[in-house]
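Please find the structures below.
Common to both upcoming complexes is chain A, partnered first by chain B, then by chain C.
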Partner chain A sequence: MLRSKSLSSKIADAVLISILVAIALTCVLPLWYTLSLSFSSKTAAAAGAVALWPVEFNFNSYQQLLQDSQFFKSFWISIQRVVLGAGLNFIIVPLMAYPLSKTVKDFKGRNVLMWTLIFTMLFNGGLIPLYLTVKAYGLMNSVWALVLVGGAQTIVFNIILTINFFRNLPSSLEEAALVDGAGPWYILTKLFIPLSIPVLATVSLFSIVYHWNEFLYGLIFMTREEFYPLQTYIQQLVVSVDPSTMTEDQYKRMSELSNRTLDAAKIFIAMIPVLVVYPFLQKYFIHGITLGSVKE
Partner chain B sequence: MLRKYLFLLLFALVLVACSDDNAGSEPNDGDETENGDTETSSETADPFSAYEEKITIAIGQEVDPSDTSLQDGDTPLDNQYTRHVNENLNIEVEHAFTASPSNYDQKVSLAIASNDLPDAMVVGPVELRQLVEADQIADMTDIYENYASPAIKEIIDSSEGVALENVTFDGKIMAIPNSQASADGVHNLWIRKDWLDKLGLEPPETIEDFKEVAKAFVEQDPDGNGQDDTIGLAGPDTTNKLYANFLESTNNLYGFDGIFSALNAYPGYWLEGDDGQPVYGSTLPETKEALSVLRDMYSEGLIDPEMGVREDSGESVISGNTGMFFGPFWMPYGPITDAVTNNPEANWQSYGLPLNANGEYTPHLSTTTTQFVVVRKGYEHPEAAMKILNNLLANESEFDPSIGGPGYYPLRLVYAPADEMEVTTVALREVLAGTKEPEDFYDMPAYKLLKSDVDSIHEIKLEPYDNTDIEHWDPEANLGQWTRAYSALVGTAPLVDNEINGVMSLIYSQTETMEDRWVNLKKLEDETFLKIIMGTEPLDSFDQFVENWNSQGGDQITEEVAEVVNK
Partner chain C sequence: MRSKGFAKHYYAMLIPGFIWLTLFSIVPMFGIMIAFQDYNPGAGVFGSEFVGLETFRYMFELSDTVNVFFNTIFIAIMKIIGNLIVPLVFALMLNEVRYMRLKRSIQTIVYLPHFLSWVILGGVLLDIFAYGGPINQLLEAFGINPILFFGRADLFPFLVVGSDVWKEFGFNTIIYLAALTGINPALYEAAGIDGASRLRMLWHVTLPGIRTTAVLLAVLSLGNVLNAGFDQIFNLYNPLVYSTGDIIDTWVYRAGLLNLQYELATAVGLLKSVAGFILISLSYYMAYRFTNYRIF
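And now, the complex of A and B:
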């Protein structure tokens, strides 16, 4: 790329770079702070003495963390949830996006179906009806409550993204396949899906991150801690209790409760899976969004 | 072909979903055919008798995720407490739901809103009122009279009727109230006495003295590190309030309760006005006066400039930047343990100060009833909840908290004599002074921890025994017992040594209009007062606040309070 070396463009570059660095720092510093908190001593953390570097460096929190069986139970539940949720997402999205990418001429009910989907994106029944529905289906305390409810609410966006991508594929490709005698299943599985890896990777990443990070449904649909996914488990540790509602037992145990270093260690471990998945999917990620966004 | 597979897949999903039904929702789908008519008449009303046939009760249980006290494979559902209930009463406890302390209220609200209640659960005053209005819970009048054990009745009666008043709606007892020690409703002044000594100051008796001490703490570098980094008086953080109020009358940390009460202002409390009718303390001229004092202190830099935005004001107590704060007797359980670990010379002492213009200590007092056990309407054995509580009080001292904290007892309510902490303080002093032996206090089962307190005091308290300064303690000998003994001998001392002319609120519960309006009125109050203190609004915006408060529902609420009080 050619660059002009005039003074004004150098200044502009400097300004832009410093803004970008500042934005990058605001993203990285909280992670770094959590990491150094997790390696600090308990007293230093409670006194707010930890800034960028660990104070009185030690591994105590990680040793304690290894003994916390509920943390690993929840970790496993979250893994199940992500695999099931992202897997279903990967199956359903192309199956729905392919017919919906056709025009009304080819697929008569298309607009009705499309508006029904969009309606669910804009309106919902609220938390209590959702709770009653899940209970009536017998999904309480099941990982399927998290997979299906969360999945259903986010999938419409993914479908729309994929529809737009499908529509951008050259229509002559499909026509050629039709002429050679391919049916719709063949066209979808052998033509559209291989060509759409960028967008499918993108929507899978959306789905993985969503299922990993979502905590509210875990709190509502799970009646016991042993069924909590990881982020719900962490949420209950980091939300502080209002002391005026505390009973005798609670404040007598408060000195044990405020274990910020252990909480920091848990938060950090919980971030790792997403941090690991991201680089592998990132190359498709940016590509996928921009491609889907242009409609002919 | 593929369509068939897809159909099979969907079918399999539905199957998986249905198969979980049996496992997941057993507690509430039991027989709900029977109504509240229990066969109390055919059975003799014995508070402690076991059921002939095993019954089950599905409860909502608070489970603290950081509580690691359970041993030997015990679970929140299978531990010494549930086994005891099972063996003694033949009641099988099940969990309709569990939640951490921070989420328990949300779970309860969800259960109420979806009308999917456990057979019994512990709720707060706001939820109790909702449940009564929605007619979701059973009338416990007969059950309380026939089944409550004499010991529980005695403790509840010791609250002079307040406990029962809180659960009585239209003459019916709708829940079982708790009754607990009253010490955590008094907010003492905690001071770094080593700073006072270093600067040659005395504990502040009056508001004027108080300002001087705060000024000295800010300006004269009491921690001697040569930096201008000290805070005179800590202020509330994001989870705490400027002052405790009638709905949350206990355990307000780092508030300004002591300053308000020394100026005869009781914001957040319902008081008797000059004409004998109830008035809301936040609307009175005394409150305006107190706000102007706080406003001056804030502008002079005597109060933590970051008050209201800190995540935890305890941080600066632990790090040794704060010189004074207001808090209940148990602050050693809070930041003080860490503060002393951090700096063994941090000599935090507690005082019943400052005094009002007449030289009296006039803190506001709390209600002793904050929690209630309710039973779902239609549950066949409503007396089971009462029996579980009878069993708790009768056997509480036999349980070993080291193999499972007391919070795992199903439907646990705190029953403690109102003077629990004060009695502990006096007992410890007598044992230290040698006027009594530890054995003299062994036979007081209502005071659950007294025995271990008197037994271990010599281990952690060093001579001279009548001096509670930090250098005369040995916290490292037994940190757990030190925390408790320090809370008693230092934190509770002001309650024993001062004559307390405390002020009670006329009511400690919500009235009807409050359900709709209180959240907004409270927000108006909190925001206005915080802005006045921090100087972003003029003092006279207080008058506008009073006008708004009255017109936005305050008038109507005051009338309702008058009705309740004059009944």
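And now, the complex of A and C:
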């Protein structure tokens, strides 16, 4: 783009940048407020005295949190879920994407299988049938219910993204490997997977974030609190309200009385894994999303 | 071609994934039969008495149902509009920034809320919009009486839409920014030589350059007309705002899993699934016809 140096252009730049920075701040300030709240005293938080900085700075919430053994149990369940879920996703996605990236000419059954896959993504039986199925499988209270149900609902999208990426790889690569006598397993593991790091990093990030953030299946498939993943545990403690009835006064009192500093500490700790992971994968997911959606 | 005889390897690669999807996506679909039955948990899906459309008849007699469908569509359509326009405007503004490091930093920050769960953001939002929270303090400084934000049925849908747009606009910018980098720089140079101002370049070069992307996103978003966002509303709502904030998914959750009306919850869920399936198929078809875009 041309660089114009007139004064009016400079003013326009200054205004523009101020607006953008202000918008960016709205994305951070609410989280910053939660952090401040977690370091404030209970009385200051209850009195609504906390704004941008902690009032009566202390670590009480975090000390209290250390004694909450369920928080750490749930944290551990979430870690297990993320490792199993993202691991499975990482194995199954390229395994399914590679044959499905072939044309019908090279792989006759391709289209029928592809449409079946798409159908499972677009249509579902709804919450109650899902609940009854998992119950019938005997997976209630098992971390596998969380891994397999959630994974099945998100994997097809990841496969599509990866298929599109595979199709954009130069076809001469595979042809050369075929001439050298390479088989499909060799081509997939030694050629396609190493070349597809951007898209595989992207779908892994999506899978990690999904499994870390998902709370509903924890609520439905776990009958006791001790099996809750972290988000479900926080959901039940911090934001859940009695679903049957409530008056305005009750609601007002609830939002004042609840243990806000401790809740804020829990919320902040639960954010940390995501805060740590996503900036490092940024260059991959921007690349992965845009490349995965470009068509021939 | 040497790839003859590869088909059996391709099937071998697909088997684990298809077993997974069959067990956790396709098998639960048979549970939709509950919607046509007088479901008896002891007899199961294949043993319960068939009652035809009885449940659907009952469903349309409930005043709840119409209201819940209306709320869903109202919130979803407002979200679609907000999520198309706000990221576009933000991307156009960001595109004018020439300081690369600043641009990068702003991008990283605005992606953040997308990666956080609605449990976390629900907790954060309920805190900052609390009766004695920072937003109300700010209003008080201007002499405005405190507002019980998330307890007001008239405000609830707008808070939901606003917070969803806030969460997603950064991430939604990615696709627009990719389209913007695809515009040929020679067009800007030519416009500059012709003496076009920045605003004129925006109008005559930038906007036409991303028109296809904008149309495509608008068409694809049609598939979301029935998705008002369960996770978000479930973590923000309370009985005070059911009249305007209760959507199909939250209603199904309460009817099915809390009140154990399995048939009714399955029937409403099925209706949503079928309508959603038709809408998404239609949007994919239109995207293909209008912009020649194929998602798979």
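Keep this in mind: the second predicted complex is superposed on the first by the 264 of 296 C-alpha atoms of A that agree within 3 Å, B and C clash if a C-alpha of one lies under 4 Å from a C-alpha of the other, contacts with A are read in each partner's own complex, and residues count from 1 in each chain.
Here, a residue touches a chain if its C-beta (ideal position, glycine included) is under 8 Å from a C-beta of that chain, and two chains touch if they have at least 3 such contacts.
Being a predicted model, the structure only gives us computed values, none of them experimental.
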First, second, both or neither for A:Trp185, with chain B first and chain C second: both
Chain touching more of chain A, residue-wise (chain B, chain C): C
First, second, both or neither for A:Ile17, with chain B first and chain C second: second
Contacts of A:Ala47 with chain B and chain C, given as first, second, both or neither: both
First (chain B), second (chain C), both or neither touched by A:Val199: neither
Which of chain B and chain C A:Asn213 touches, first, second, both or neither: second
Which of chain B and chain C A:Ile155 touches, first, second, both or neither: second
Which of chain B and chain C A:Leu146 touches, first, second, both or neither: neither
First (chain B), second (chain C), both or neither touched by A:Leu65: neither
Partner chain in contact with A:Thr223 - chain B first, chain C second, else both or neither: first
Intersection of the chain A residues that touch chain B with those that touch chain C: 46-48, 127-128, 131-132, 137, 185, 220, 235, 239, 241-248, 251-252, 255-256
Residues of chain A touching chain C in the complex: 1-4, 9, 12-13, 16-17, 19-21, 23-24, 26-28, 30-31, 33-34, 37, 46-48, 50-51, 92, 95-96, 98-100, 102, 106-109, 113-114, 116-118, 120, 122-133, 137, 148-149, 151-153, 155-156, 159-160, 163-164, 178-179, 181, 183-185, 188, 209, 212-216, 220, 231-232, 234-235, 238-239, 241-248, 251-252, 255-256, 260, 263-264, 267, 270-271, 274-275, 278-279, 282, 286, 289-290, 293, 295
Complex contact set, residues of chain C against chain A: 1-3, 6-7, 9-11, 13-14, 16-18, 20-21, 23-32, 34, 45, 90, 93-94, 96-99, 102, 105-113, 115-128, 130-134, 136-137, 148, 151, 166, 170, 174-175, 178, 185, 188-189, 192, 198, 230-231, 234-236, 238-240, 249, 252-254, 256-258, 262, 265-266, 269-270, 272-274, 276-277, 280-281, 293-296
Partner chain A, residues of chain B touching it in the complex: 2, 13, 16-18, 20-25, 63-67, 76, 95-103, 105-107, 110, 113-114, 116, 124, 180-181, 184, 239-241, 244, 248-253, 312, 314-316, 318-320, 330, 333-335, 337-338, 341-342, 370-371, 405-407, 414, 416, 483-484
Partner chain B, residues of chain A touching it in the complex: 42-43, 46-49, 70, 127-128, 131-132, 135, 137-142, 144, 185, 219-220, 223-225, 233, 235-237, 239-259
